[in-house]
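Chains here go by letter, A, B, C, D and E, matching the order in which they are written, and residues are numbered from 1 within each.
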Amino acid sequence: MYKIAKENLSALFQLIADSQELYLPVKTAGQTNFAAWSKDAEVDLDTLKTVKSAKDAFFPQSEGLYTVKKEGKKMSVEPEALKEQDFVVFGMRACDVRGLAVLDNVFLADPIDTFYAARRDHGTVVALACHEPEETCFCKVFGVDAAEPLSDVAAWMVGEELYWKPLTEKGEALTASVKELLSDADEAAVDAEKDAIHHIVEKLPYMNLSLEGWDGDALSEKFDSPIWEELYKPCLACGTCTFVCPTCQCYDIKDYTAGNSISRYRCWDSCMYSDFTMMAHGNNRTSQMQRFRQRFMHKLVYYPANNDGMYSCVGCGRCVEKCPSALNIVKVVKAFQNQGGEK
Amino acid sequence: MSSEKKQAELIKEISGVNPLKCMKCGKCSASCPSYNEMDIKPHQFVSYVINEDIESLVNSKSLWKCLSCFACVERCPRDVKPGKLIDAARQVVVRQKDQDYLSPNEIPELLDPELPQQLLVSAFRRYRR
Amino acid sequence: MQELINRAKELLADGTVARVLGWKAGDLPYNPEPAYFETAEAMEDFVYNGFCGANLSKYMIEASRLEGKTLVCLKPCDTYSFNQLIKEHRVDREKAYIVGVGCKGKLDIEKVKKQGIKGIESIGGAEIADEAETLTIQTIYGEKTCAYADVMLERCHVCKGKDHMVYDEIIGESKETKDAERFDEVARIEAMSPQEKFAFFQKELSKCIRCNACRNACPACSCRKCVFDSNKFDSSQKANVDTFEEKMFHIIRAFHVAGRCTDCGECSRVCPQGIPLHLFNRKFIKDIDELYGEYQAGEDTDSKAPLTNYTFEDAEPSIVGKRG
Amino acid sequence: MQRIGVFVCHCGSNIAATVDVKKVAEMALMEPGVVHSEDYQYMCSEAGQAKIAAAIHEKGLTGVVVCSCSPRMHETTFRKAAERAGLNPYMVEIANIREHCSWIHKDIEEGTKKAVILMRAAVAKVNLNAPLQAGESRVTKRALVIGGGIAGIQTALDIADAGYEVDIVEKTPSIGGRMSQLDKTFPTLDCSACILTPKMVEASAHEKIKIYTYSEVEKVSGFVGDFMVDIRKKARSVDMDKCTGCGVCQEKCPSKKAPSEFNRGLNTRSAIYTPFAQAIPNVPVIDREACIKFKTGKCGLCSKVCQAGAIDYDQQDEIITEKYGAIVVATGFDTINLDKYDEYAYSQSKDVITSLELERVMNAAGPTHGHLERLSDGKAPKEIVFIQCVGSRCSDDRGKPYCSKICCMYTAKHAMLIRDKYPDVNVTVFYIDVRTPGKNFDEFYRRAVEQYGVNYIKGQVGKVIPQPDGKLLVQGSDLLDNRQILKEADMVVLATAIEPNPDVRKIATMLTASIDTNNFLTEAHAKLRPVESPTAGIFLSGVCQGPKDIPETVAQAGAAAVKAIGLLAKDKLLTNPCTAQSDILLCNGCSTCENVCPYGAITYEDKEVNDHGIRETRRVAVVNNALCQGCGACTVACPSGAMDLQGFSNRQIIAEVDAICR
Amino acid sequence: MSLENKEFKPKIVAFCCNWCSYAGADLAGSSRLSYPADVKIIRVPCSCRVNPMFILRAFEKGADGVIMCGCHPGDCHYSTGNYYARRRMTLLFSMLDYIGVENGRTRVEWVSAAEGVKFSETMNSFVEKIYSLGENVRLGDLRCKN
């Protein structure tokens, strides 16, 4: 366990950035999102949740796949290079770290997504415990401990100090490279912080949400439920929930014609969109109810069915905060509970 | 630019008149109450400006015979307004002679109680633009 | 609120309406959701308070296709949108029973949280009937307060007025909340140098994640299929690959709703990144007012929209450079 | 994928001198879809066209790009050539490398580069072209003429003589128009009524002509070949079938205070009246504003004296709906309002009159029975002043910016007639310019001066001042003598500017015919299509298009008739296939497109759609291809992109943009 | 003018209505009234056919200036098309100005079929303006910058 005074953090960031890219929460025009560090960047570690999760660092909203160039009648194909440079993502929360595990199950399973894999290989995550979890948080429901950010390096912000604990080889390597700024520390302060966090977690309304009945086996029972017909109604079919979600992993592949070349790229897609999984014959989900259902069935039923019961929701609560119609996964789960009670 | 040309431009600028719009109908001269006292007639003002003969214009009797009644301005079907032109020519003379300007707020102190009100009104009407 | 619920139940009971479109209480004190109620029992969950910001006019597009009338709760500003939708034949006036609900300004939970208030358990003072000028917020860290006006949505500070433009009946009082000039912010940007303007919008739009919330919540963006989702212009886009795409999207979106946008402010309310999207629409409104005469979309259902109208003397496009 | 052939024209040296045509042809082969390219001396020649045809056959081309002169020049030529070779003509596009390239650039490298880009844009467009078929629409073999003056009558007679049905709609109770108010006509001085009346009679007797007098066009829908028109027949209060035209009712009518429209308000008429003796139809109307029966309910004298029992106080307006293939507008003119010209004392003195009023004064059927006398005191004038260009050639809002064209001639006529009949009367004409282009016109004017001693003074009148003794003091200038003139006159005649009948704006809107700032209807082309409106099927006759005298009006009336006959003679019309099309799956039904369509070509219908399996009825836009002229206003108004323009589609234009910016 | 600017060859798209401005451009051509080759003309039936999307698209793909020409107000072949176009373009240009795009990059001119001289003069002055503004960097897609 090491520590560093908060006031020295910018020196820490500078040191890291000297040798590799550094992504961390930066406030731009009033909103905090993960962005590349620079001297002028307004680093914001106090905001609990960035608007978007740190998913971008490993699975960017859009990324090039290859470019086709044409000269005369000759064509050439240039694949996009894989990530080769090491980078650090600083300030992810425990839930977002779990989000990476969800993505790993998708992208690192055969066939391996090389773009994602390269980023995972080169990325070191420094995760920060949640000093004050909020009422929209429900990470505990998925077994995530807000006080234990299990990643390459776990960190806690206590008073005027940041406590730093490498947990993996990558974490050790990063620690070694910034050792000059760190000093040794004992765990007492951190333990107290953990207790305080747990204490807050106990008081939060969503933390005891029951997922009873939601698992990989619940397919037909949940799928055919009439409740969906009611639940989806306020949905405006925007992609906010999807794009702020740390685990949503669907993407679309598109081409962009730029004069004499065509670049093929992929970009996040949302199952809320009417052209999601559009095929030549049309779309297999024709109504918003079906699209709405898809999102939650995927998170709570299909994904667990294929991943040993692991849910693809991590309880970060971003969708709870950002949905324009105040819909969210918690309301869905509760709606099914209530229905069960009435029956 | 020759000084005559400059002055012609200046007159056009001050008056805001495009003399080329004139179709030589003569309605200005037909309307003018000072016609008989003028050596250069109102409709001719326009061609003097077009021909850039400002010298003759500013030395004419007409320059000071125009009453600024603006009958020609009102009636001109082509928006040429000879009255404005002659007025502008006077301005040119006034400026050349390097005379002092008055700002409206200086006027009250200089006012002679005997000064006819009409003169003031006429002066303002003439110089308001 | 009780008066509203009672009246709704009455209308449901006597068959005047087949359903009620309003808000259902959420599981947090500030997240009521738009909802349909078809029975008196269901109305138990009905709620109407300061957090019911959603403009339900948009939902009436779908509701117009349902059997029977829908009782819809519209705030004064929502009624402009409804009128505009009538004008564009997107809603059926006959299918709506409009209850003009009172409004004393709607709240922005983000603004509450920006004040450092966390761990919210309950909020007092958000009810319409409350005369309270402050919100009393119970949190796990104890009681906090904040001034109602300080946490109102931007649109309420420039409120168009407390009159409903279209309604069958009005329930509840509305309060004047306007305390700022609608075009001040636009004028402030107009006064910037091109570099500053560019930097300002670049910064704001760099946050855009193309989630389409602004578009989908917008009652004027009522297209069945948006041009940005179709291949009609080879403009189908999904991602913010390049900053240009955001500009294209937001300019064209604003252009498509120019003269139709009622300035209801939903776009800014729903933007997860807090981009002041209304500044685009309001710029067009300001231009239209200045160049073609004052026009408020949604004030009526039959006037000619500015972009489907003209006069011989209209300003030339070069006026843009001349205004300075 | 298209198979495109690119043909690069040298145009002799016109193109080849500044564009490396071989290089353009060579570069074309690099473009997607291009399977053939060649260059040739003159692509528009027989041999050049044969090359295109050969390539279409041999290479199986599906699209053709010709890099040549402006499409405005030879697009049709090349499209026809392609059609003859079996290709849809709309698969041909032109890259304009002459007017837009070789002729304006000097550097061959620069010219070639640009030509290549223009070629690319055309290829990119053709890649997205689709074969288009000109549609067909039927033609109703009947014409409508709006306005029953000499223009309308002549047009109707010519159309009817060609064997087609024609209806005339005239707003006033009788046909005849302005010409019926004139006394004599220049330059031959024959009596206006003598030459007009036979035409009126001929029209009314013509079996193919139907005349609706006291009627107005209320609504127009439809399009070229198939207009649907509502005509409001205003209640005449007299049964046209029963009335014998005996005139007793007019004699007996006790209400005789209404100003006579025909005599320009210089005298009065009865409440039941025919505007003038030779009116056609010779059936009176009751002016309900003036009629005592209608005002008070008491009277009914006309009904009592009418032996035919034709008076019908209960008659109502009637709407007649009729179909027409062509519409001719002949709405004529009026003199402008002189309220803003108080310097001429028109409203102050009865002896200041307009020329049209003078026509009535000189006319035997006029208020003075043809005697030239002052309207104030009935005395014979000794000194008459004519003022020209009153309200004409005026750039402010008091008058009209244009020359009214007829005034110089009719003033010469008036002056001459007065000097002829009353040699002791002095006539002075104040003029700005005397304009007499026209056969025998200048001779006519010179006669007025040389034979009749009319005094023409170059210079405008500034002011007319009524004197206490009833004389009029005219203050004018003589620009040639450089003196100001003060003249006492007994009568002043104002050559008042003419303007299109104010009703024409309403009619133009109904017809979606374009109109200029002076309310003259716009012709399709100022030189080459002077009697057609840009709106298909609408033709222009007489002063509604621009100031004209009688012979010009009659000539134009005949021309408009021929154009209308040309249209009516067709059984089917081929329509421009470059029209708007609405994609019903994308259409919101919002009516925005409808609101900007200048042709009323867009309507909304409830249609059954199948949107990816969802079947429902939707309100969607439907474009009438016969009506749509292909401007594209709707395509931009449409937010969803449902509305697109064939031949200039969104994707085609974007492809061109992309190709240029590449 | 700097060295950079000498090498700068702007891409300029001109939308011309078929009835007036395209004919005006033809007249400029047949009168041999030159203007820089940087201008490329796209023929549209009427100025009201020009969608703001086309203009933004041109900028996206690397255009440095876009000019639209149509019949003079009142002379539209389709009677009212240019009136709509005038409002649309006024608003669009105003918006571009508002977001910080130099307003000289867009222009509307009314050029009749008889105004070959005006067409050529317009294009010359527009191209000059674009040269003075330099490359368009505020409104393009980076992927199109080769």
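Everything below uses one rule, namely that a residue touches a chain if its C-beta (ideal position, glycine included) is under 8 Å from a C-beta of that chain, and two chains touch if they have at least 3 such contacts.
In this text the structure is predicted, and so the values were computed from the model without any measurement.
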Report task. Enumerate, in label order, the chains that touch subunit C and subunit D alike. Result -> A, E
Requested in this report: Compare the CA centroid of subunit A with every other chain's and tell me the farthest one.
Outcome: B
Requested in this report: Identify the chain pair with more contacting C-beta pairs: B-D or A-C.
Outcome: A-C
Report task. Select the chain whose centre, defined as the mean of its C-alpha atoms, is least distant from the mean of all protein C-alpha atoms. Result -> E
Report summary line: So, in whole Å, the Cα centroid of subunit A is separated from that of subunit B by 80
Query raised in the report: Any idea how many Å lie between the Cα centroids of subunit A and subunit E?
Result: 46
Query raised in the report: Which whole number of Å gives the spacing of the CA centres of subunit B and subunit C?
Result: 60
Query - Centre distance in Å when subunit A and subunit D are each reduced to the mean of their C-alpha atoms - result: 69
Report summary line: Where subunit E touches two or more other chains at once, the residues are 51-53, 57, 61-62, 74, 80, 84, 88, 141, 143-144
Query raised in the report: In subunit D, which residues are in touch with two or more of the other chains?
Result: 517, 596, 637, 650, 654, 658, 661-662
**Report entry** Residues of subunit B whose C-beta touches two or more other chains
**Finding:** none
Report task. Spell out all pairs of chains that touch, sorted by label. Result -> A-C, A-D, A-E, B-D, C-D, C-E, D-E
**Report entry** Complex contacts: residues of subunit C adjacent to subunit D
**Finding:** 65, 87-90, 222-227, 230-234, 256-257, 304-305, 307-308, 312
Query raised in the report: Where on subunit B is subunit D touching in the complex?
Result: 21, 23-32, 35-36, 41, 43, 71, 75, 77-79
Report summary line: Listed in rising order, subunit C residues that touch subunit A in their complex are 26-28, 31-36, 54, 58-59, 118-121, 140, 203-204, 206-207, 209-213, 215-217, 225, 229, 236, 238-241, 266, 269-270, 272-275
Query raised in the report: If you look only at subunit E, which of its residues touch subunit C in the complex?
Result: 51-53, 56-57, 60, 73-74, 80, 83-84, 86-104, 106-108, 138-143
Report summary line: In the complex, the residues of subunit C that touch subunit E are 186, 189-190, 192, 194-202, 227, 233, 235, 241-242, 244-245, 247-248, 251-252, 254-255, 258, 280, 283-284, 287-288, 291-292, 306-312, 314-321
